[in-house]
Structures are given as C-alpha cells and as structure tokens.
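In the two complexes that follow, chain A is the common piece, with chain B as its partner first and chain C second.
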Partner chain A sequence: MAIKILNILIVLFVPFLMLGVIKKTKAFWGGRYGASVFQPLYDFIKLMKKDFVISTTTSKVFRITPVIVIASVLFAALFVPLASSSAIVNIEAGFVVFAYILSFSKFFSLISAMDTGSSFEGMGASREACFTTIVEPAFFMLLASIMALSGNYTFDSLGKIIENAGGYGVLICIFAVLVLFIMILTEGSRVPVDDPATHLELTMIHEVMILDNSASDLALISWANGIKMLLLSSLIAAIVIPQGLPTGLSVLAYLALMFVISVIIGTIESATARIRMSHVFEFIFVMSSFALIVLSLVVARMFGG
Partner chain B sequence: MNWIKTKNNTKVNLNEIPTLKIDELREEIISLNKRPIGFFGKDWGYGTTRLFVVLADDENGDLYVSSALFEQNEKEYESLTQVLPVFHIFEREFYEQFGIKPLNHPWLKPLRKNQKDYQFFEMEGEEVHQVAVGPIHAGVIEPGHFRFMCNGETVYHLEIMLGYQNRGVEELMVKHPTNQLAESICGDSVIAHNLAYSKVMETLKETKITKRAQLIRTLALEMERAAIHIGDLGAIAGDIAYLMGASVFGATRTLVINTMLEFSGSRFGRGLVTVGGVNFDIDNEKIERAIKTLTKVEKDVERMVKTMLKNTSVMSRLEKTGVVSQEKAREIGLVGMAARACGIILDSRFDFADECFKNLALPRKIFKGKGDVNARFQLRYQETMESLSIAKRILEMLKNGYREEVLTKNENLLCADSMAISITEGWRGEVVHIALTDGNSNLTRYKIKDPSFNNWYGLALAVRNNGVSDFPLCNKSFNLSYSGNDL
Partner chain C sequence: MYSRIFGMEVMNNFFIGILFFILSGFIASLFNKKSKITVLSILCFAGSLFCISPVLNILFGGENLVAQYNFNPVFGPINFVIDPLSAFFIVVICIMSLMGVIYSKGYLKPYLDKVKNINSHLIFLPLLIASMLLVVSCQNAFAFLIFWEIMSLSSFFLVIFESDKKDVLKAGIKYLVFMHISVIFIIIAFALCTINAGGYDFSLFSQSLKENSHLANLVFAFAFIGFGTKAGFVPFHNWLPDAHPAAPSHVSAIMSGVMIKTGIYGILRVLSFYATPSKALAFAVLIISVISALYGVLYAITQHDLKRLLAYHSIENIGIIGIGTGVGMLGLAYGQIQIALIGFAGAILHILNHSIFKELLFLSAGSVYIKTHTRDIEILGGLIKSMPFSAVLFLIGSVAICGLPPFNGFISEFLIYFSMLKCLAVKDFFVLIALLFSIAGLALVGTMAVLCFTKAFSIIFLGMPRSDNATAPKSDSEKSMLFPMGFLAILTLLIGIFPQYVFDVVLKPACFIANTQAIPYDSCANLMQTISLCAFGFIAFTLVLLLVKFKFSNKVEMHQTWGCGYDRANNRMQYSASSYASPFLSMLRPLFKKIFDIEKPKQLFPKSAHFSLHIDDIEEAYVINPLVKFDEWFLSKFEAIQSGNIQSYIKYGLIFLVLIIIGSLFIG
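Let's look at the complex of A and B:
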C-alpha cells in the first residue's frame, strides 16, 4: 500500500523535476548556470494563479480539453508499472488501455487546437496527428511481441524478457529501450523531433497547439506532457531495473534512471540540431524498424528452435 | 551624351545631368543594361517631376547618371520591369511616391503606404491553405506581414507586405540632416548608414578627412560586419535548435560589440562617425585590449563553426534549404552578402573602394556558393574572419602611426545645385545615399537605399518549394531589415 501511495506521489511530482533536470542539463552544455530544477514546479504554481485569456473564436471543446488531457494522462498512469511495483491497476492487455487513453487525450488536444481556427495550430495538429500514426503501430508491435514471448499479457512481462528470451534477451532489451526512448522524444515533443524552446510558430509542433491556452489550462497541459514522459520512461525502468531488488533500492534505482534519462534528453537537445520537418518521419520510422527487429527476435526465439 | 559618368563620393553638377524624355531614357537604360542603385523622383516645380536614374558599372567602378522630366499631364510610362525585372521594386517605389504609373508592371503593389489596398496573390486548390504571419511576431523583432500559400507543408508562394515602420526618413533628412537620424535608419547598420550620410555631406561640403579618421571608420565598419555576422550565425544555430552554437556565438558577439562600446560609448557604434571624421580617437591601451579580444573572438568563432560544419544534423538542415539560383539573383538584383552567396561577384568595398580601403590592398576572395542557407552561413563565417583580420590590421596601424586629429572642422555651406552619391558596403550589402541641393545650398532631396530594399524579394524566392517550417531558418540566413526597407 505504502509503495502505491509513493508511486502516486512520483507520478504527480517527478515530471516537474525531469523537466527541470532537462533544462539544467541544457544550461550546463550552453555554459550557463540555468534556473533551479524546481523552476517547472514554480511555473506551474504561477500559472495556476493566473487569469484566463480565452479567444472568442473558441467553443466548449477548447475549454474542456485541458481537463480531459490531464485526467486521461493520470488515468493512464494507473496502468503502468512504476517504482518497484506492478501497475496500480494490473490487468491483462493493460497496454492497450494505456495507449488508447493517451490517444484519447491526444484526440482532444488536436480538435482543441483546430477549434481556435488559427492556421498555425491547424498545422501543428496535422503534424502531431501524422507522427502519432507512425508511433502507435510501433508501440503495439513492441509490447505485443514482448508479451507474446512470456505469455503474460500484463506489463509485468517487461521485467521478464531476459529470463524468457534466453540468448536473445539482451538484444531484445536494447532494442525495446531504444524504441521507447524515441517514443519519449516524439511524444514528449523534444529535440530532434520538436523544439520546446523555440518561439517560431511555423516550426512548432506541440507548442503551437497550445498557443491559445493560458493560466491553469496551460499549466495542466504542460504537466500532462511531463507525466507522459515519465510514464514512458517508467516502461524503460520496468525493462532495465532487475526484479527482486529490495523495495528501497528499487525505488532509488527508478529515480536514478529517471534522472539519467532526463540528462540524456538534455544532452541530445544540446548537441544535435533539430531534424528537418520532412525528415522527422524517417527518424520515427527508425522506431518502427527497431520494433520489427524485436518482433523478429521473438519469432526466432519462439519458433526458431 | 545621354549619360554623365561619375564616381563614388564625387559631386555632380545638377545642370550637367542630361534631361531626356522618358521614352528616350527607357531606351538608354535598356541598351546600357547596368545595375540600378538609384531610381527616384524629385518635384521639379510647376507640377513637373524629374526622374533621376543612377546605374552602377561594378566592374569599372563607374556610375552613370541621367534623368527624365515628366510634364504635369504625363502620369504614365511604359514600365522597365517588363524588360529588366531588376527595376521592379524601384518602379513600385517611384509610383508610390509620385503617382506616375509604370504601365504593364507585373507586380504594382503598395510598397510602404496604403497597405489596406494590398491585394494578395491567391491560389486555389483542394489542399491549398494560407498561413498569415505578423505583423506582430513572436520575439522582439520589427513588424511585417507574411502571407504563405502552402500545399500541406510546402510553400508555393510567399508574399511579404511591409511598410509598418515607415517614418518618412527621407523627408526628415531634407529638413534636419543629422548623424543621429542617419544612425536610426536601420539599427543593425548604424555605422554603414552613418558613414554613407557623412560621406555624402563631406562630398557636398568638400571636406577632406584625415587618414586616421578614415582608418577608424573602416575599423568600425568591419567590426560592425563581424558582430552582426556572428550574431546571425548564432541565430541560425538557434533556429535549428543547435543550442551550443547559439550560446557560443551569442557570447562572442558580445565581446565584439563591447569592444565597440569602449571605442564609442555605444555597443552599436552610435555617435562614433560624424561629418568631418570621427568623434573619438582610440588610444593605445584600448587598442591593445581590442587586439587581444578580437584574437580570442577569431579563435572561438573558428572552432564553433568547424564543429557545426562537422555535425551532420546541422548540415542536413543548412544544405539545399532556401536556394536562390544565381540566375534568379541577378534577375531580381540581389545585392551584398545574399548576392555573393549565390556566387555573384559584387562587393562595393572593392568595386567602389574609397582611398583607405584601396591603400589596405586586400586580396579579393571569391566565394563559390550555391545560394542556399549553407552558402550564406559559410559566407558569413568567411566574411567574419576577413573583417576581424582587417580590424586587427587597422588597429596595429593606428597603434604605430598616423598621429593626427580625427575630426576636421568645416563650416562650408553645401555646394549649390549638386548631387552627391555615396556607396558604402554595410554587412548586409550596399548602402546608397544620394543627396541633391538647390541654388541656395539647401538639401532638396535625400534618397536612401538600404540593401534590404533589393533583397526582401530574394527571401520570397528562397522559401518557394521549401517546407513552411524552414521559413524562419531562411529568414534568419538573410536577416533583412524592416526599417531599412520602410524608411
């Protein structure tokens, strides 16, 4: 029980720290001190206190979307294994529920962006929708393969790759982590897919969709985006962190991994340029091809003798 | 003779400039086929308008001047643009200022005024959509409206509507000609515009300035070039989300403009150049410090650019983005850095060199670029290094000699009935100032041409068939001025 409460707290607060660490890493590589790692949390509190500015061209869809987005992301969090435990709601095929609740929130972000009637936001929505269509099949292919391997269709099978896959285990783990990492970059709208720091509307993807959101709406959407990154990182944790560690150690390992992932994201953002928009698809297709590799490894293991 | 031949910074007697009929002048312009740098009207009394044309022969460093008189009832003529597209923007300006209509001009839209009447080019199709950006932009930049005709993510056509910054500088200049006003024409070309203005005034006042003053002016111009180029290299890096480049170039640019601060009390060199020389001399202590700083800047810029050019993710963004072919660049009359990036040999520092620049005897480097963002990036780097080395050389010269006054006082009136043309190569390209005086030694017309005036259309061509998300990158690689265009 205690660990579940701890996990809920992690879902609520660690996303701010992850965003803070990413920013701090970028500041480090840029030769600056940078803001405190708690800055995203302060920004959240600041935004919650502010008054709304709402465009007169928008309808109710625009108003309810931020709540739907945060509610679905928090709901999705129930189905994901977090620090040192199984998912809070550990059901068979939980990953399908997880993926579609996230898609539900994305659907509302898309129509909310279109609701503003701005040409920028329409472009952003079209880009986001496009990328999602590539990300989703790869995600399903990856998880279905891993689960087929163990015959256990809950997220618990992520931790059992090594014991189920024998000689292929390490390879499957590596590719699975890579797939999930590219998914974090895409879904979390980070460089090289998107640039969260830009002020240029024409180049934005995620940021442009929330241009019209203000105050607590904006705070909730940014928070939800952080939580989404945390949830996907938790899947990496489920694969990487060995099972059977003492609870305390396992929680520490989980938090350390979140830190490492944030630092890696920050470093990538500092050292590479963003990919040209027309080439982003190729980058995301890398994810699909890695997922295919996992699938073929699983097939080889199960039927190859 | 239908033309009078003159040089940069030389006074021309207005009465010696031929006055033709417009049809004759049109034929003359077409047969001479040189690059226009001035095409402007002047109210000539009794409802008549005199059109002055200044053409530049870059290879020989000559300027050709002629004019035509429009009678009161002559309100139209056959446009030159149909034959020589390079005149398109000049004719639009002339039409807007004097209401004399160039017939069959393909693109006769408002340039700076009457933006409400602006008719945008329209495209139709199932997946064609319009994106309107501005006049208010994200970030602290000047206002301007951009209208993209896109098919999905591809830009088919971009129209740029400017004029929001129109302050009437040319009219102000006639009433109150001052260095401060010249400095305010375009905030990132303070030295270039001020220099052009000062040279026009010195030509009209027949002032000879000292060698030391000339050296300090050239130094300031090159430092301005280096500073803005470095800043833009950083901005290009920032636009492609290459954080390291943005940080390093941002920091090194500060070193250059802070050196300028030591010289003149302003980071952009405001108040340094004045009619008759420069306001501040530079002592040896400052020179020593400046040489040290510029050497460090050289090293940092070189290292960062080399790192960027080795980074494939950076190169994939820069290469083949925003291409302007050399042919198109010539046709629409690009000038300055943007033209050189297309492989055109055009640099008024060399073509119309002043005495000081000639004495430096610098080798002319020819840049073989393909006209894409990469070419503009690399050219900016090359010019930065060149400018820094010129600046260092001048600093050494100032340290070791040329002990003389830097300001020549001259209370002469302006020469009467004259025209003076001054061309200065700012970082963006040629800055042209032309002044006309009447019989009482008063200024009666002041014409300014900022390089942005020519180059905005080049940006519109550069983004065609590029992704709409690459527009900011193309824009940054040109970095044109709104206020320089709007005047």
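Let's look at the complex of A and C:
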C-alpha cells in the first residue's frame, strides 16, 4: 500500500523534476548555470494563478480539453508498472487500455488545436496525428512480441525478458529500450522530432498545438506531457531494473533511471538539432524497424534452433 | 426434421411483428403528408416490440424457438428457428431500424412536397426491415435466397430515392449489379450443400457438412465471397462508397448499421454449420479482414464527402469484425475453443457496437446535410455554434468509432486484441507471425481512425465557417431527429461503462457458432468487471475535474486567435481537410490515384484560378473500370445481332429450336 501511495506521488511530482533536469542539462552543456530543477514546478504554480486569454473562435471543446488530457494521462498511469511494483490495475492486455487512453487524450488535444481555426495549430495537429500512426503500431508490435515470449499478457512480462529469452535476452532488451526511447522523444515532443524551446511556429509540432492555451490550461497540458514521458520511461525501468531487489533499492534505482533518461534527453537536445520535417518520418520509422527486429528475435527464440 | 415444435405461440408474436412491418408502409401511405411518417413510426415500433419480446429470452439462456411451415411441396417444409445467433441479429435489426424510421420523420420533411415517390419509399423501408428479419430467422436455403433477394431489391429502391439525379441512379445500379454477382456465389454455396445433404434445410446442411470437411471448406469459401460482398470486404467492397452517399441518410444508416451485417450473419451461419474450418481458411479470413480494415480507413482519410467517408469506415469496421471472426476461426482450427469464443464474442459485440455508432454518425451527417445542403466537408466549419447537439452527438460517435475508452467501440476492440494475444500461446510459427502483424495492423487502424475523425469533426464543427453553406443553419435539427441520435449516443456510453452484462449476452451467439456449450472464461469476465470499474472511475474523475475547473476558474478574457502577430486571419486561412490529411497521405502515395484539376493563376492580375483534388479508389481505377471497359468492348461485338428487324429475331428463334432438336437427338 505504502509503495502505491509513493508511486502516485512519483507520478504527480517527478515529471516536473524530469523537465527540470532536462533544462539543467541543456544549461550545463551550453555553459550556463541554468534555472533550478524545480523551475517547471514554479512555472506550473505561476500559470495556475493566471487569468485566461481565450480565442473568440473556440468552443467548449477547447475549454474542456486540458482537463480531459490530464485526467486520461493520470488514469493511464494506473495501468503502468512504476517504482518497485506492478501496475496498480495490473490486468491482462493492460497495454491496450494504456495506449487507448492516451489516444483518447490525443483525440481531444488534436480537435482542440483545430478548434482555434489557426493554420499553425492545424499544421501541428496534422503532424502529430501523422506521427502517432507510425508510433502506435510499433509499440503494439513490440509489446505483443515480448508477451508472446513469456506467455504473460500483463506489463509484468517486460521484467521477464532475460529469463525467457535465453541468449537473445540482452539483444531484445536493447532494442526494446531503443523503441521505447524513440517513443519518448516523439510522444514527449523532444529534439530531434520536435523542439519544445523554439518559438518559430512553423517548425513545431506539439508546442504549436497549444499556442492558444493559457493559464491553468497550459499548465495542465505541460504537466500531462511530462507525466506521459514519465510513464513511458517507467516501461524502460520495468525492462532494465532487475526484479527481486529490495523495495528501497528498487525505488532508488527507478529514480536514478528517471534522472539518467532526463540527462540523456538533455544531452541529445544539446548535441543535435531538430531533424528537417520531411526526415522526421524516417526517424520515427527507425522505431518501427527496431520493433520488427524485436519481433524477429522473438520468433528466432521461439522457433529457431 | 424437428420432431418437437416448441413455442409455436411465442413464435407467432414474431410473425405478427413481421406482418406489422410489411403492412405499415401501405397503411402509412394512406394517411396525409403530415402524419404519414408518424403512423409509420408507431407501426414499426409495435412491430419491433412484437419481434423483440419473444427472442429476448433466448439471449439470456432460454430455449430456441422453432416453427415449421409447409407451404411448398418441392422445397420441403420451411423452418424458422430462432437460436442465439438469430436472436442477437433480430434485436439489433429491430432497434437500429426503428431509430432510422423515427429519424426519417424530420429528415424527409423537406422532401414531402418535392418528391413524388414518397409513398413507395415508405413501403420499401419497412419491407427492408421485414426481409432482414426473415433472412436471419429462416432456416431453409431456398426461402433464405428469396428473402435475401427481397432485401437487396427493397434496399435498391431505397437507395434511388432521389432517382432524378444521375449519380444516384448510377450508384443504385452499381449496387444492384454487385448484389447479383454476390448472390451467384451464395447460390453456388447453397447448391453444393443441397446436393450433398439432399434437402434445403440448414439442419441437414449442418449434418452433412460435419462429415465432409473438404466440401465444408469449399462451401465456406463461396459463402464468404457471396456474403462478403454484401458485408463489404475488400476486394468486394466497391459498391459501398457509392451507394451510401446516394441514399438518404436514414437509409444509409440502416444499410450501413444493419443491412451489411446480414452479410456477416451469413458468414457466421455457414461457419456454424461445421465449426471446424481449415487452417488455411482461417488465415485467409484474418488476412482479408486486416487488409479490409486498413484499406477502408486509408480511403476514409482521403475522402471529403462526409457520407463517403463514413461508408469507407464501414469497410474498416467490417474488417475489424472479420479480424475477430478470423481469430475465432484460428482458435477453432487449432482446437483452442476458449480463444475462439473470445474472438467470436469480440466480433459479435463489434457488430452491435458498429451498428450503434455508425448509425449515430450517419444520422448526424444527415442532420448536417439537411441544414447545410452539402456533404463536402471542405466548405463547412464552425457548426458547433449553431448546431451544438448534433456536434456533441457526432463527437460521441467519432470517439466511439475510433475505439477509444470509455465508449463501446473500445470494449469490442479490446476483446479482439485480447483474443489475439491469447492466441499467441498457440505455438505455431504462422499463427505467431500473422497475429503479431494483425495486432500492429489493428493498432494502425485505430490511430488512422483517430486521424480521420479528428479531421472530420474539426473541419465540420470547429473553427470558423468556411462558406455560406456553413453559416446557413440558424438552429439545430428537429427533436424527432435528435431523439434517435441521443438514444444511440446513450447506448454507446452504456455499453462502454457496463461491458460485463453485454459480454454475457454476446457469449451466447459465440458459443452457438463454435458449436459448444458455454464455457465461462473467468479471466475475461473479470477483465470486463475491471474495465467497467475503470471506465466508471474515469468518467467520474473527469467530471469532478471539470466541475472544479469551471467552479474555480480564473478570469477569462476573449481575444482573437494568435496569428503570430498577424491579426487579419480569416476563414480561408484555416487548415483544410486535405491539408490536415496531407502529411499522412504523402507517406502512402502509391496506394491511391490522385486526380488533380488545376488552373494556375496567369498574367499580372490573375482573374480566375482553381485547384481541386480528387482521389480515386485504386480498385475502381485498375480493376473495375478496365473490366467494365472490356465488357463493353466484348458485348459491342454482338451488336450486329440486334438489328431491330422482327423477321431476323424470328429467324434466331427458328435456328435455336433446330439446334435444340438436333442436340437432343445426339444426347438422347
């Protein structure tokens, strides 16, 4: 029980720290001192207090979307294994529920962007919708392959790759982590897919969709985005952190892993530029091909010599 | 033959209901213009009550209803048996058709004065419902084909409601041709059964096919092509995207929501005859279904005609139903009865779900059409302000059709995913590969549906109006149109929140198809409970958050949309449907044929310029059209025969008779 409460607190607060660490890392590589790692939390509180500026073109859809987005992302957290425990709602085929709840939030963020009648936001929405069509099948293929290997259809199967896959275990783990990492970059709208720092509207994807959101709406959406990154990182944690560690150590390992992932994301953002829009598809397709590699490794393990 | 005639009196209620349907059109046409459709609705309501009341019990575990009629000495007695599979379809047909009929009151109002053949429309509408009910309850192959044909013909007359329009007539004739090609395959399938079984009754078919599995598979293959054409599986789907836009909205709703499902009914019925399909057949169904689903949703994204878009989505959903059926068949072929049950349960639940949300979407599309007089979504926009109820209902339908929680579409897709995952445990190379790709395929279909419906909803209802058509509506549709839509929307939500009860119901037909007694699958029932709780929690959580948000909202200041410093943005600068779909479509360029119609601006002060883009179905462009061209060419060779000269026609008759006599001499 205590661990579940701890997990809920992690879902609520660690996303701010992850965003803070990413910014700090970028400042470090840029030779700056940078803002405190708590800055995203301060921003959140500041935004919650502000007044709204809302476009006259918009309808109620625009007003309710931030709430739906945060509610569905928080609900999706119930289905994901977090620090040192299985998912709170640990059901078979839980990843389908997880992915479809996130799709639900995406549906609303897409129509909310279109609601403003702005061509910039339409552009962002159209790109975001397009990227999802590449990301989601790869995600499903990856998880279904891993689950076929262990015959366990809950998220617990992620922790059992090594014991089930024998000699292929390490390879499967590496590619699975890579798939999930590219998914974090895409869904969390980080460089090289998207650049959360730029203010040139034409090159942005997720950031441009929320151009017209203000005050608590903007705060909730940014928070939800952070939580989404945390949840996907938790899947990496489920693969990487060995099972059977003592609870305290396992929680520490989890938090350390979140820190490492944030630092890696920050480093990538400092070291590379955003990919040209027409090449972003190719980058995301790398994810599909890695998922295919996992699939073929699983098949090789199950039917190979 | 059936030794025991059970529940004859109860069964009579069913036939009284059908009689109500058949007569309602004739009675309604006697009334004056204003009350015609009200009378029709009341009669159809009564008919539905009569039909549903005796069969409902079967879905909760009651015994089958059987009735036998000895009309015809040649084809044997005609049996009507209502088993769980029939009962399920009867309930779906009655409820969904009734909603369509009620809706037609508001929808047909503008046509009452304009169109002359309104009475024939009102006669064929309930006739279609009655024939569908007879198709799913009749157990005699010969009678089945007769009812099937009545169904096709009555729906044909409904499609060509606005027969003065050339497009409508063309679409109607295409539909007619497709239906008659399909019925040939059904006849072949039934003929093979009849020769083997020595009778027309389905119970005889079932006995003989169980012993002869090669023949059974052949029969299933023919039946799949025949019924699959009705259902709209790729590559037999081509009539669908033409017929649905041509028909009035309530008719497209009934056709897409219910009628094409009779095709699925036929497939499931033939499967239930023997219930041990070969592995190859199971794979074939699975693969065709995945392709149908992907093809349907891909072309839906390319469409800007709202009803055409919805028609392509019917193909997608038929594909999803087919995936469930395919997994069920795989389960049967590999002897995994529990997996088969979940697969079939998913497919059957998706039949119900699709008929609910597709009907909801077609009806909302109709209410948009009645107010704006266009189906082209590119010139709509901002309708949520003038038609808030239609907008919300369309939104509910869109979310449900994308299979997103907490609505009903999610439950059936989840069951299908679950059956596929469970089926991975069959340690077979081909099963593993096929299923892993099907899972990814279904995920792709889901996200493409999201893309398509975010496009459709936001271009029609959100943003600024794009033309005069979009500013035309001053008020929302009439109550008689909104009521059926609201009812369907509530159903989508109820099934999404309480899946466990529906799951119990759909398990009965699933067991029937698999020819097995109900095997409870504990984990699945528990899953449904959990999902129900989660859905409930999710809705409650969201509502509380919304309440908090609007209760404690900070001050709101209205301002125009941020245009990066540009403050003269107008409605023509909005993102359009084609531009929204363009990044995705550009990835899949070879899969369709783009037809551009461009006039570039010329000279210094260009006067006229236009651009339009039309996307053609590749099957139509590369298969159907060449076939038709070949047909025309081939038949033109025989033009010489048709001289118009009566003497030469008599001469042909004479030659023919002589040939027959000579032939019979040789053969005899």
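We take it that the second predicted complex is superposed on the first by the 304 of 305 C-alpha atoms of A that agree within 3 Å, B and C clash if a C-alpha of one lies under 4 Å from a C-alpha of the other, contacts with A are read in each partner's own complex, and residues count from 1 in each chain.
Definition applied: a contact is a pair of C-beta atoms (placed from the backbone, for glycine too) under 8 Å apart; a residue touches a chain by one contact, two chains touch by 3 or more.
Predicted model, so just to flag it, every value in this text is computed and none were measured.
K.L.:
Who wins on chain A residues touched, chain B or chain C?
P.N.:
Counted on chain A, the partner with more touching residues turns out to be C.
K.L.:
Once chain A of both complexes is superposed, is A:191 in touch with chain B (first), chain C (second), both, or neither?
P.N.:
First partner only, chain B.
K.L.:
Looking at A:270 after the superposition, I want to know if it touches chain B, chain C, both of them or none. Which is it: first, second, both, neither?
P.N.:
First partner only, chain B.
K.L.:
Between chain B (first) and chain C (second), which does A:279 come into contact with in this model arrangement: first, second, both, or neither?
P.N.:
After superposition on chain A, A:279 lies in contact with chain B alone.
K.L.:
Which holds for A:75: it touches chain B only (first), chain C only (second), both, or neither?
P.N.:
second
K.L.:
Once the structures are superposed on A, label A:123 by its partner contacts, choosing first (chain B), second (chain C), both or neither.
P.N.:
A:123 contacts both chain B and chain C.
K.L.:
Let me test your reading of the model: by the given contact rule, A:53 touches which partner, first (chain B), second (chain C), both or neither?
P.N.:
second
K.L.:
Touching A:33 in the superposition: chain B (first), chain C (second), both, neither?
P.N.:
Touch partners of A:33: none, neither chain B nor chain C.
K.L.:
Using the superposition described at the top, list the residues of chain A that contact chain B and also contact chain C.
P.N.:
Looking at chain A, the two contact sets intersect at 119-120, 122-123, 127, 201.
K.L.:
Tell me, which parts of chain B touch chain A in their complex?
P.N.:
Spelled out, the residues of chain B in touch with chain A are 129-133, 138-139, 153, 237, 239-244, 246-248, 251, 311, 313-314, 316-317, 321, 467-472.
K.L.:
Give every residue of chain C touching chain A within the complex, in rising order.
P.N.:
381-382, 384-385, 395, 398-399, 402-405, 410, 413-414, 417-418, 420-422, 424-425, 427, 429, 432-433, 435-437, 439-444, 446-448, 450-451, 453-455, 457-459, 461-464, 523, 527, 530-531, 534, 537-538, 541-542, 545-546, 549-550, 553-564, 569, 571, 573-575, 579-584, 587
K.L.:
Under the definition above, what is the set of chain A residues touching chain B in their complex?
P.N.:
These residues of chain A touch chain B: 26, 29-32, 119-120, 122-123, 127, 191-192, 195, 197-203, 269-279.
K.L.:
In their shared complex, at which residues does chain A touch chain C?
P.N.:
Counting only chain A, the residues touching chain C are 49-61, 63-64, 66-68, 70-72, 74-75, 78, 89, 91-93, 96-97, 99-101, 103-104, 106-107, 110-111, 114-123, 125-127, 129-130, 132-133, 136-141, 144-145, 147-148, 151, 153, 201, 211-212, 215-216, 281, 291, 295, 299, 302-303.
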